[in-house]
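Take a look at the structures below.
Two complexes, one shared chain (subunit A), two partners (subunit B, subunit C).
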Partner chain A sequence: MMRFQRVASISPLIIVATRVIAVVAALLVGGLGFAIAGFDVPMLAGNVVTSSFGTEFGLEDLGLLVSPLILTGLAAAVTLRIGLWNIGGEGQFYAGAIAATVVGLSIQSNDVVMLPLMLVAGFMGGAVWILIPALARAYLAIDEIITTLLLNFVAILLVNYLCTGPMRDPQQAVQSASDRVPYEMPELSGDLHWGIGVAVGMTLILAIVLAFTGWGYEVRVAGANRHAAHYAGMPVRRRLMQVMLLSGGIAGVAGMLEIVGTVHRLQGGISNNFGYLGVMVAVLAGGLPIGVLPAALLMGIILNGGIVLQAYGVSTYEVLALTGLVLLFIAVGEQLAYYRLVRLRPVAQ
Partner chain B sequence: MIELLTGVFYAALLAGGVLALAAMGEVLTERVGVFNLGLEGLMALGGMTAIVTVAHYPSAPLGLLAGIAVGLAAGAVFSAAVVLSRANQTLCGLALTIAGTGLAAALGHSYAGQPAKATFEGVAIPVLSELPILGRAVFSQNVLIYVIWIVLPLALHFLLFQTRHGINMRSVGENPSAADAAGVAVTRIRFWYVVVGAGFAGAAGAYLTLAFVPSWSDGITGGRGWIAVALVIFAGFRPINAAAGAFLFGLITALGFVGQARNWPIPPAFLSMLPYLGTMAFMILPVLASRRAQRRLAAPAALGLAYYRDQR
Partner chain C sequence: MAVTRGSGAVVELKGITKRFPGLIANDAIDLDLRVGEVHALLGENGAGKSTLMNILTGIYQPDGGEIRLDGTPIRFASPVAAIAAGIGMVHQHFKLIRAFTVAENLHLGWHETPRLVRAATLEKRTHELAARFGLEVRADARVEDLSAGEQQRVEILRVLARGARVLILDEPTAVLTPSEAAALARALRGFVAKGYAIIFISHKLDEVLEIADRVTVLRAGRKIATLPAAECDHAQLATLMVGREIRMPTGRVAGGRRSVGPIVLQLAGVSALNERGLRALSDVDLAVHAGEIVGVAGVAGNGQRELSEVLTGIRPVTEGQVRIGSRIMYDADPAAFLAAGIGHVPEDRLRSGLAPSMAVADNAVLREYRRPPIARGPLFLPGAAAGLAKRIITDASVLVPNMRMPVRNLSGGNQQRLVARREMRIATTALVAAYPTRGLDVGAIEMMLRYLIEMRDQGIGVLLVSEELEELLGIADRVAVLFQGRIMGVFPAEEADAERIGLLMGGRAEPTVKQPA
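Coming up: the complex of A and B.
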């Protein structure tokens, strides 16, 4: 007789394997959906792969998508380390973009001074945007999922207000946007700017800090068992605050880099759902900062694939739906991985 | 002035209905111990289905039924994931939100911007609708208004707090192992009430696109699903409170409409922020004001926790 039995712990290898299987399964189901809708799926898939990896342009475009995904993914991952969810990456991204644009438009100087200054402004903007949810979480134990998320809508409305009102550039007839920010991130190759270097650098630093410092240890213990951490005398509230502000700040830096590297103006829609996709990147990465790098790359490929597929009449919404499916499969797979098939021997009487 | 009051109440009942439906469904879901963060996606799916249905068969009740059916179906997928395979509820809820809004936007794209082909129209009840102030606000609305604001809150309150079945439901949310030991079918109750709650969210979407707006556009749900989730916490997991809270939010939304219509010197973007900021305030202020009230309205003890019979 065969039976499924739940086991207490599983090896990291199996966790990684289930994640890969979940992503593949979700892509297969999505592909099936596209096939039913009448698309030639193998042709589309081939096109996605060749246009992402076949040309230098494709790789540069991929890099432009991956850098904000790394940062928003890192922002969500660092809160997962302490057992919290930051779903407000979208709003913090915009807050960082607003702060960086305001600083960039109001101070006259050169790139060397301004880029670091705008980076700090972007970080502060994102951190300010998460301040109230962080205080409510740390001191009043109010669920941070909803409070961080609600501020996304506020940030989007604020950006639309600024771009159509006080910060509007009257010369832009088609889309309302702010004046052009005169400072630019240096380019790495073609369109790809050094923002990806900043993103990877921040990820590595954070991974090291979390793994090898006392601060990181306290964060990880508080994430594993908040009561145990408190009992051991660790300043849990202060760590919660610090991690949430850090998370908001990182998402804000993503917004700042999008301004100085890609868009150069504040306008609606620049976040491109990076905030929400960042949550997905963090989950794919299992909440590990270092895992954010491959996870962001995978998400970037899916997104880039979506852009390629637009030429064939596939909308970004379908890609969004597909990423949701990936998330669902990961969540289910994560649980099913704990079951193994055991053979029950009949007991001799 | 009186006309303004009537207008505000009318708009509040109409706008708050979306939140009331979704929040009452979520009360059921959370009372049996499951946290469904996917309301936003369910609402989008229900609203899109309703619009597409009435575009082909112009009948508003049929559109509503279709919206509910899709909510139930998507809810069954979610419920299978979180109740049967016990997957992480936060993750699955986010997945449902993202997949639902994405799918609804993709499938509803060619219907965006057109007015609904059939809607729930307001019906003026003779005599009553001529009463001052509240008469027109309450008694000239569409028929769903009475179901949402009177029938459902009372029925759900009765179900949860006055019946044996309601005790079973609540015990599953408070202490599933004790309920299981007492012979309550924990998994079955959880599974079906998560599905039913999702059906409410589908109905909320259909109400949004057939009675309130009434048309479809991308992102039309605009965070209402999340506000409904927050409302359930604010309402202390009680159906009547949830409806009352939804009315409060209807008032806030209506205030925004009035402000825009009367050209108040506040930019419309800030008026549109009111529901979101109001939700934040309603989550934070009661906790600041009184710790005791918070305990009385506490969440079901097993909310968000999967139940493993073998790890009792």
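Coming up: the complex of A and C.
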């Protein structure tokens, strides 16, 4: 007789292994769904792989998707470190894009001056967008999940207002958008700009800061047990505020990079749900900043694959469902990882 | 009740062996439980008591040996299988749903629960069960509103209602007041008289001698002896349990008073609120001098938590002053109290003293991470943290296979020792220790009390909150009694006697005792 038994703790290796298994299982189940719907799954899968990895263009497109996902994923992951959820990456992304665009359109200078300035503006924009939820969380214990989420809609509407009203470029007939921002992120290869370097750099710095500074230790303790952090004399409230503002700022930088790297104008829809997908990336990463890199890559492959799949008549909803499946399987795998199969010797009757 | 009467063993454990990586938790243990007896299982933390009971109740599978139930070999795949066979366990930490009523908790996950769940039906069934087993419970009360003793009755009733005839109680008196413990003892005697068999896990020698018929002593995973309780005494059991002779320290100098230093920690007219915003401390005056141990006696829940929290800067006061030496602490700021050298062993270590999911090393440095060698400027050096952690756990005599292991995987006693040792290191002025011996066995209690005395002798002020009167009267220089958030009186320990303090703990002020102004 075999049965499952719960174990008290598991090794990091098992955690990584269950994640990989969960992703593979989710893709298999998704593939089964596509097969039932009449698609030639091996052909689709082959096309997804070759289009992402087979050509330089594919890799560049993948990189363009991965950079904002790293940043929005990092934004969500850093709040998870202190035990909070920032679901407002979408709004902070837009707030960062607005701030960067306003600065970019109102100051005349060169790239060397303006790109850092716009980066700071994007960071500040995102941070301002999470300021109220952060204050409400730190001083009034108001649930940050709701407040950060609701502000997303405010940000989206604000962008629509700006692009159809005060910031509208009258020459753009089809789509309402702002004037073109005259500063551009230098390119790394083809379309891929240096934003990915900024994203990876920020991730590495944050991972190091969390592991090797007193500040990072305080954040980790406050995330593991807020009462214990207070007891130990840590400024818990200040750390909550700082981490939330940092999180908003990181998401804001993602928005700024989309402006200077890819879109060059403020317009609706530029976030491509990166804010929400970032929460998934953070969960995939187990809340660890360093885990955000592989998680964002995986999410990028799925999204990039989704673009390819659309060419074959698969709808965006089906691609979204696939990401949902991945998340579901990971959540299930996370629990199952704590069980092991044991063999019971038969009872002598 | 289909219980076979007689002298036969209802449960026999033969040669039970359980290995964990790097450790033999149970080494060929034999134990027989007879119908109609209370069988105490006595041993230090880590002696293997819980592992053995987890095997008997199907939580663990043994690596060797066999379990016989009524003479037939049996193997339990899960706790559900064990309870179906009539073996039920009441855990130390209750497994009740706090937001549910007693009746709902009782019927949760039970095949006899009616399909159509109606509050009135469940409550009626609960009353019937309560009457049948002679355990008084309030069927419609929410569990969160119950005292620990009432919750325990619900747990026991839950197990009995499912047809258990072997009842295992894991340190059942740890959370009870003395009168609740006495009521439990009476209930247990009633059950064995009806033919149930009870295993009673404990490390309190007095209650074992009082309640049990037989005592089995485990030490380091092995069975040392099984003895009739009537033939044992306190000292003999303590020696068997620890493997050496135990003498509880008494720190006071016989006869005259010791000279003490200036006041190091003081409350003047302090009132404070509890978590729910209700007044938990009222007009408390209390001073701890350098080089003395002040004991705080009282039934748990009379303001002890709030007292230790205002003394360590965790909880703000609503009135009055907290002073460290002559300095008035205007803000409740734990960092300032830490800087002033006030250590704190909190009442509930898992809630406020430790970050359970973090590594042992991270927890050991919780108070010193801002000081060299762990801090270098803004940096946190994990290597140095592990080094200090190793020192602390060695001093605390805690065996940890791996410093990266989460602290929640340590036993409760080891967690307590780790916290206590960590706090003693930073307590250069005063130590506030709330129930530092709770959950420890007799050997570790002895060690802990010796530490407190050592600290006192080094000129540190110690405030010791405890429910164990004997412990307080043994080592404290002065004893204060706390009742409903008020100090009922402060006595030099040599003038205090257990009876008088017991009366004050129950709120009965004697006319001769001066109420503090």
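Convention: the second predicted complex is superposed on the first by the 342 of 349 C-alpha atoms of A that agree within 3 Å, B and C clash if a C-alpha of one lies under 4 Å from a C-alpha of the other, contacts with A are read in each partner's own complex, and residues count from 1 in each chain.
In the analysis below, contacts are C-beta pairs under 8 Å (C-beta built on N, C-alpha and C of every residue); 3 or more make two chains touch, one makes a residue touch a chain.
Only a predicted model underlies this, so the values are computations on that prediction, with no experimental measurement involved.
Enquirer: Identify whether subunit B and subunit C fit side by side or clash on subunit A in the overlaid structures.
Expert: By the criteria stated at the top, subunit C and subunit B clash after superposition.
Enquirer: Which partner does A:318 contact after superposing on A: first (subunit B), second (subunit C), both, neither?
Expert: Touch partner of A:318: subunit B, not subunit C.
Enquirer: Check the residue A:204 against both partner chains and state whether it touches subunit B (first), subunit C (second), both, or neither.
Expert: It touches nothing on subunit B or subunit C.
Enquirer: For A:283, using the defined touch cut-off, is the partner it touches subunit B, subunit C, both, or neither? Pick first, second, both or neither.
Expert: The answer is first: A:283 touches subunit B but not subunit C.
Enquirer: In the superposed arrangement, does subunit B or subunit C reach more residues of subunit A?
Expert: B
Enquirer: Does the superposition put A:212 against subunit B (first), subunit C (second), both, or neither?
Expert: In the superposed model, A:212 contacts subunit C only, not subunit B.
Enquirer: Look at A:147 in the shared chain and tell me whether it touches subunit B only, subunit C only, both, or neither; answer first, second, both or neither.
Expert: The answer is first: A:147 touches subunit B but not subunit C.
Enquirer: For subunit C, sort through 5-13, 59-67 or 95-103 and name the stretch that clashes with subunit B after the overlay.
Expert: It is 95-103.
Enquirer: Touching subunit A in the complex: which residues of subunit B?
Expert: Touch residues, subunit B against subunit A: 37, 41, 77, 81, 85-88, 90-92, 94-103, 105-106, 109, 218, 222-223, 226-227, 229-230, 233, 267, 269-270, 272-273, 276-277, 279-280, 283-284, 287-288, 308, 310-311.
Enquirer: Okay, in this complex, where on subunit C does subunit A touch?
Expert: It is residues 61, 73-75, 77-78, 312-314, 333-339, 344, 346, 351-358, 362, 366-367, 369-370, 375, 378-382, 405-406, 409 of subunit C that touch subunit A.
Enquirer: What does subunit A use to touch subunit C in their complex?
Expert: Subunit A reaches subunit C through residues 1, 3, 5, 8-9, 211-218, 220-221, 224-225, 227-235, 342, 344-345, 347-348.
Enquirer: Across the complex, what residues on subunit A touch subunit B?
Expert: Listed in rising order, the residues are 6, 85, 87, 132, 136, 140-143, 145-147, 149-154, 157-158, 160-161, 165, 276, 279-280, 283, 315, 317-325, 327-328, 330-332, 334-336.
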